[in-house]
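When the chains are written out, they are named A, B, C and D in that same order, and each has its own residue count from 1.
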Amino acid sequence: MKQKLRMGMVGGGMGAFIGAVHRMAAAIDGEIELVCGAFSSDPEKSRASGAALGLPADRCYGTFEEMIRREKRLRPDRRMQFVSIVTPNHVHFAPAKMALENGFAVICDKPLAFNLKEALALEKIVEKTGQLFALTHNYTGYPMVKQARQMIRHGELGALRKVVVEYPQGWLSTPLESSGQKQASWRTDPARSGIAGAMGDIGTHAENLAEYITGQHITELCADISTFVPGRALDDDGNVLLHFSGGAKGILHASQISAGEENNLNIRVYGEKGGLEWRQMEPNTLLVKWLDRPTQVYRTGVGNLYPEAQAHTRIPAGHPEGYLEAFANIYRNFALCLRARLEGREPDPVYTDFPSVHDGVRGMRFIEKVIASGKSNKKWVGV
Amino acid sequence: MKQKLRMGMVGGGMGAFIGAVHRMAAAIDGEIELVCGAFSSDPEKSRASGAALGLPADRCYGTFEEMIRREKRLRPDRRMQFVSIVTPNHVHFAPAKMALENGFAVICDKPLAFNLKEALALEKIVEKTGQLFALTHNYTGYPMVKQARQMIRHGELGALRKVVVEYPQGWLSTPLESSGQKQASWRTDPARSGIAGAMGDIGTHAENLAEYITGQHITELCADISTFVPGRALDDDGNVLLHFSGGAKGILHASQISAGEENNLNIRVYGEKGGLEWRQMEPNTLLVKWLDRPTQVYRTGVGNLYPEAQAHTRIPAGHPEGYLEAFANIYRNFALCLRARLEGREPDPVYTDFPSVHDGVRGMRFIEKVIASGKSNKKWVGV
Amino acid sequence: MKQKLRMGMVGGGMGAFIGAVHRMAAAIDGEIELVCGAFSSDPEKSRASGAALGLPADRCYGTFEEMIRREKRLRPDRRMQFVSIVTPNHVHFAPAKMALENGFAVICDKPLAFNLKEALALEKIVEKTGQLFALTHNYTGYPMVKQARQMIRHGELGALRKVVVEYPQGWLSTPLESSGQKQASWRTDPARSGIAGAMGDIGTHAENLAEYITGQHITELCADISTFVPGRALDDDGNVLLHFSGGAKGILHASQISAGEENNLNIRVYGEKGGLEWRQMEPNTLLVKWLDRPTQVYRTGVGNLYPEAQAHTRIPAGHPEGYLEAFANIYRNFALCLRARLEGREPDPVYTDFPSVHDGVRGMRFIEKVIASGKSNKKWVGV
Amino acid sequence: MKQKLRMGMVGGGMGAFIGAVHRMAAAIDGEIELVCGAFSSDPEKSRASGAALGLPADRCYGTFEEMIRREKRLRPDRRMQFVSIVTPNHVHFAPAKMALENGFAVICDKPLAFNLKEALALEKIVEKTGQLFALTHNYTGYPMVKQARQMIRHGELGALRKVVVEYPQGWLSTPLESSGQKQASWRTDPARSGIAGAMGDIGTHAENLAEYITGQHITELCADISTFVPGRALDDDGNVLLHFSGGAKGILHASQISAGEENNLNIRVYGEKGGLEWRQMEPNTLLVKWLDRPTQVYRTGVGNLYPEAQAHTRIPAGHPEGYLEAFANIYRNFALCLRARLEGREPDPVYTDFPSVHDGVRGMRFIEKVIASGKSNKKWVGV
């Protein structure tokens, strides 16, 4: 009889958006069970959140330190096996560090940390402790994103020339943060988000997606970073020229003031032989374009997808899988890898794909460089 | 501390498609826990399936009869609280009847039963036992389907005139059943599916969707029913003219030989003042069309949706929710209603919406009439 | 030095919609010159319309009889060479007959005539006089429609099974005819349109398109014909089941009360091996669907289209060609065939494709049968 | 009786792409007649081209100088009234200058000239001679582009913040110029195109479209200009950051190596209150996006468009108008203005909209700056 893996959560109390997403994503595949949490820095709130989630009072902690300390003392077959960190950016490093150093695997929301320094430190801790670590750059969890990556990896497009990655949103078109809206408040607060607003929140998703799909790293960038909403402390829009390690050139733009846009992450990649296009809002479709031949509409579950794509879809073609399922792919792969490790065996390679601490470090470096470039008169900034 | 509701499952052993869907749908919202099952008529297979799902051997039964009998003897705080039936059509009635008569609520896959007679009998049992019963016509679980229904109910389109509902698939374009594929085998087998193939499997989904959205019932129909693949015992295509109780006229067509179609359920409804269009494969979009004014693109999570729609979305606009989430809406509402009932209180009305045994009876009557019409030279057949 | 072909026009005075369309279509390719017209039954109006079009007063006639008589007396190198008839349905037969019998080729708007009897008579006149005759079922002029026809003709989809052809419009959702709107007035008037409203105006376009693309004829039909707008004398909506000569089954629906629809003619055809989908409102795209392979997006001007398709596009891929260009393809092919005939040579076969008087007869038969079926209790009516 | 305006053409002999486009565009509306041309620098070829177009031999000239000189000597009611210049860039200035200085109006293909110096000189000549001059930046001829411009002008989107304009093509993904293909040869040849390849050919279209729709000018830019195809002499790709005069920021990218793209010019503009999106390949649709309200699908011919948009559509909604019709809008407006001027009256203001020599100068300045920026290490270059 298979046991579910036991998860403890840091953050994600009642009213939080991303905490609920992590819990749904962790639940879908029946691999993971939430057993405890420090859902809020207020012990009362943490307990209330936990009770609403069906947790007993003695597994609802007031702080992550308490959680890690006390869980560690529980019987091995009872205590949590990994920690999910879903707090704002300034509370990623400390719980991740403590969890890792106390023998717990960690799955952490993005961006990795409050700043690059923290990120580099965390990378070292992951390496030193040897614990499993995943970062929820969830958009790489979509099957068609994996298909795109494999098509490029196998040379179907030829050498890459051009990448256009976009992440327009409109939800911060007005000074929403002054209304007290929770998400808007911390996302626009340098004390909790770090030096970047839109570029940190969604710019890193775009950067991660482009690097994941192309298999190339950004080597140089030139950024025009703006804050359009008066009084806002952090950027709400950025346009960036990119150079990639493999010779491709590109554009990245991310925005939270693109009025009327929902969550329109999308990418186009062009190589010598063909191009491809993927849009997060219709994630089960991948357009593959060819020189003077009809465009092909690749679809989740249709035809001979690469195993890496096929393994990340659950239901037959035409039954749309969405954001939660892509998010769940990160959790499931993390769980399958953790289970294999606990059982002393190698995981199935097709299920080992999830963003790492190194991806997280690259994201933090991107943030630092893109903000620096925005303030610079120099054209190109190395990454 | 909230307890999860305890679910037992009939059918859905390893390799089954719809059983896994039910389990994922039940898991997403953290309201339901699978505690036992009779996953296969072979006790060995049932136990193996249960073990793979993390169930102890003593909760994996060889038959639904054994499951219901033995669960009933367990302590009330331990035994299953409802039964999920995910078997082929010919094994819906017996477990549903036994579960209801032994005090368990039931959630059952569609169509309701093997034939209309069974369906009517089941309707009486539900009424007599007073147990909660839900049918998983899952497509009504989509938020934008609920929005469509509410817009029509509130008169936004005026009196309805025309309904076009389509359900084209292509997966049975070849004699797949002769390859031994599990789904294809029983779907095309009159002994397990009943008198209808495509019309029973997906025609009823189309019928249910049209009646749900319009709030009208089909009163007359005229059908052209075909079997295109040689040697196939049941229909694989049907074209149907419809008359509705409120005066609308319509077309329903369902097909499993529409080569190259995935699962393209869609509906258009036109009234005096405007029209609407919804497509299951891009389910977060509802097009609303007006007389000489720009079409509006209603989207999950954007703007002032009706509460009935808004309550069935979990994540912000632009984060696509799909098939599993819509399916989960049926499970969650069923669970919330069951919980309210167990706690002796009224459920929140916004969460009481799921297909009933009466919807199931209408579906079975549709199957009988549509097949009869297909064989008749008379133009119109009353429903 | 090439001379333009000289065209006379019947109907299409100032304010008329379709007359202007014919003139633009005739002008685009530089093959045709408008030299005279009987633009209105009121000689004053006819002259005013002609003057606005740059015609001298002596070539603007008060009646088509006068035009045909007097043009015939002009020098051969000056007089018109063919007549374009763009009047309402009840004024198709007489000018066509007189023109043909006086040695003029004819291009005529659809449907062919006021009723089937006239159509059959006209067919005989065309055959007897041997004059060139074209009917402007313009939608077959689109390159991608021709591509679809050729793909089916060459067996790319295998034996056809299912056809769905739709023509929803919304412009007659209200009693527009009572406002005096010119188009609405005659389209809903049995004295000018004949026995059918929507089915005659656009139902025949759908019928023609389906027969053109599939290469099969409708052999039986079963129709549900409605008039939704109170007080309207002719049908404004029809839903029809179809049987085709080659064994395909189908659905045709046409409507002018589908509120919010513009001019949404579209067709889907499914065969044993694949399917295709074309939509008039995005006419440069043809979706080609396959069994468990990615759908292909055929586009005007991209890749190896059949010569019959390629020859009917004028500009490179991605420069959209529209309704007028498709219409112009009818005029150009008619002109090229007429020129070849006048020069005593065979036309290039790739440019000989335009709807014939026989297509027109089939359309009129469709109208009679579909209206008869709408009134019948018998299920199937032979065509 | 209205006379057509008489046009002479420079360039556009047999086999040329853009010459045929200009002729079709000029023909559609029945306002213009081609009466003469210097279609090729080879007198034989010029005559053959003219004969194929139905022109008498004495109106087919071997050089534009000859055409202008000899036409000038013809009777005023016979000679050409304006010159259409459809040659490669290096042969724009000389015929335009000579035509203008000899009393002829001019309509000229884009970009305006071979370089900025020529463009500025031509601007002066236009001003000095007072002749009418139009530049065929044809994409501004689309009705929905005009609607977009008017919506912004009337403040419907509020102050603009962000502009994304794209022009990806794939046709030069391979060294097509080495195959002798006519278009590819001169477009990639500095001696005929000037200093820019893709940026001159299509980058200027994007620049013109962005400035037209926003009503703002580009004030600063930062460009990354590339040549991907080995051996090519001019750029085939460019990514550009933009600052606009009204405070908006933006991105422009144009490419001829975006494999699989046809002619995908598109633009998105975001303001404080809403955004809009237009795509040339589906030109009859304009998406208008709002803060937390459903997106609206504006369509050619539907609803209350601004008069400036409505006046540039010819046929009812749902009958797609395309590239030629947009091109024809430039010709028609030019013709209506020229006719008004010849008749000594003011033209109808709604038909006076076409690109001017000043737009052309801005385009040439854009080319010079964008190429300079591509070679510079400085971040921003003023325009």
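The definition used in the following text is that a residue touches a chain if its C-beta (ideal position, glycine included) is under 8 Å from a C-beta of that chain, and two chains touch if they have at least 3 such contacts.
What you see is a predicted model, and the numbers here were worked out from it, not measured in a lab.
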item: Interface residue identity across copies chain B, chain C - same or different by half; value: same
item: Taking each chain's C-alpha mean as its centre, the one farthest from chain A; value: C
item: Chain centre separation (chain B, chain C; CA means) in Å; value: 44
item: Geometric centre distance via CA averages, chain D-chain B, whole Å; value: 55
item: Distance between the centres, which are taken as Cα means, of chain B and chain A, whole angstrom; value: 34
item: Two or more partner chains touched - positions in chain A; value: 261, 288, 295, 299, 302
item: Contact set on chain C toward chain A in their complex; value: 287-288, 292-299, 302-303
item: Complex contact set, residues of chain C against chain D; value: 1-4, 17, 20-21, 23-24, 27-30, 34, 50-57, 169, 171, 261-264, 280-284, 299, 301-302, 314-325
item: In the complex, chain A residues that touch chain D; value: 157, 161-162, 164, 166, 168, 170, 173-174, 222, 224, 226, 228, 237, 239, 241, 243, 249-251, 253, 255, 257-261, 268, 270-275, 288-291, 295, 376-380
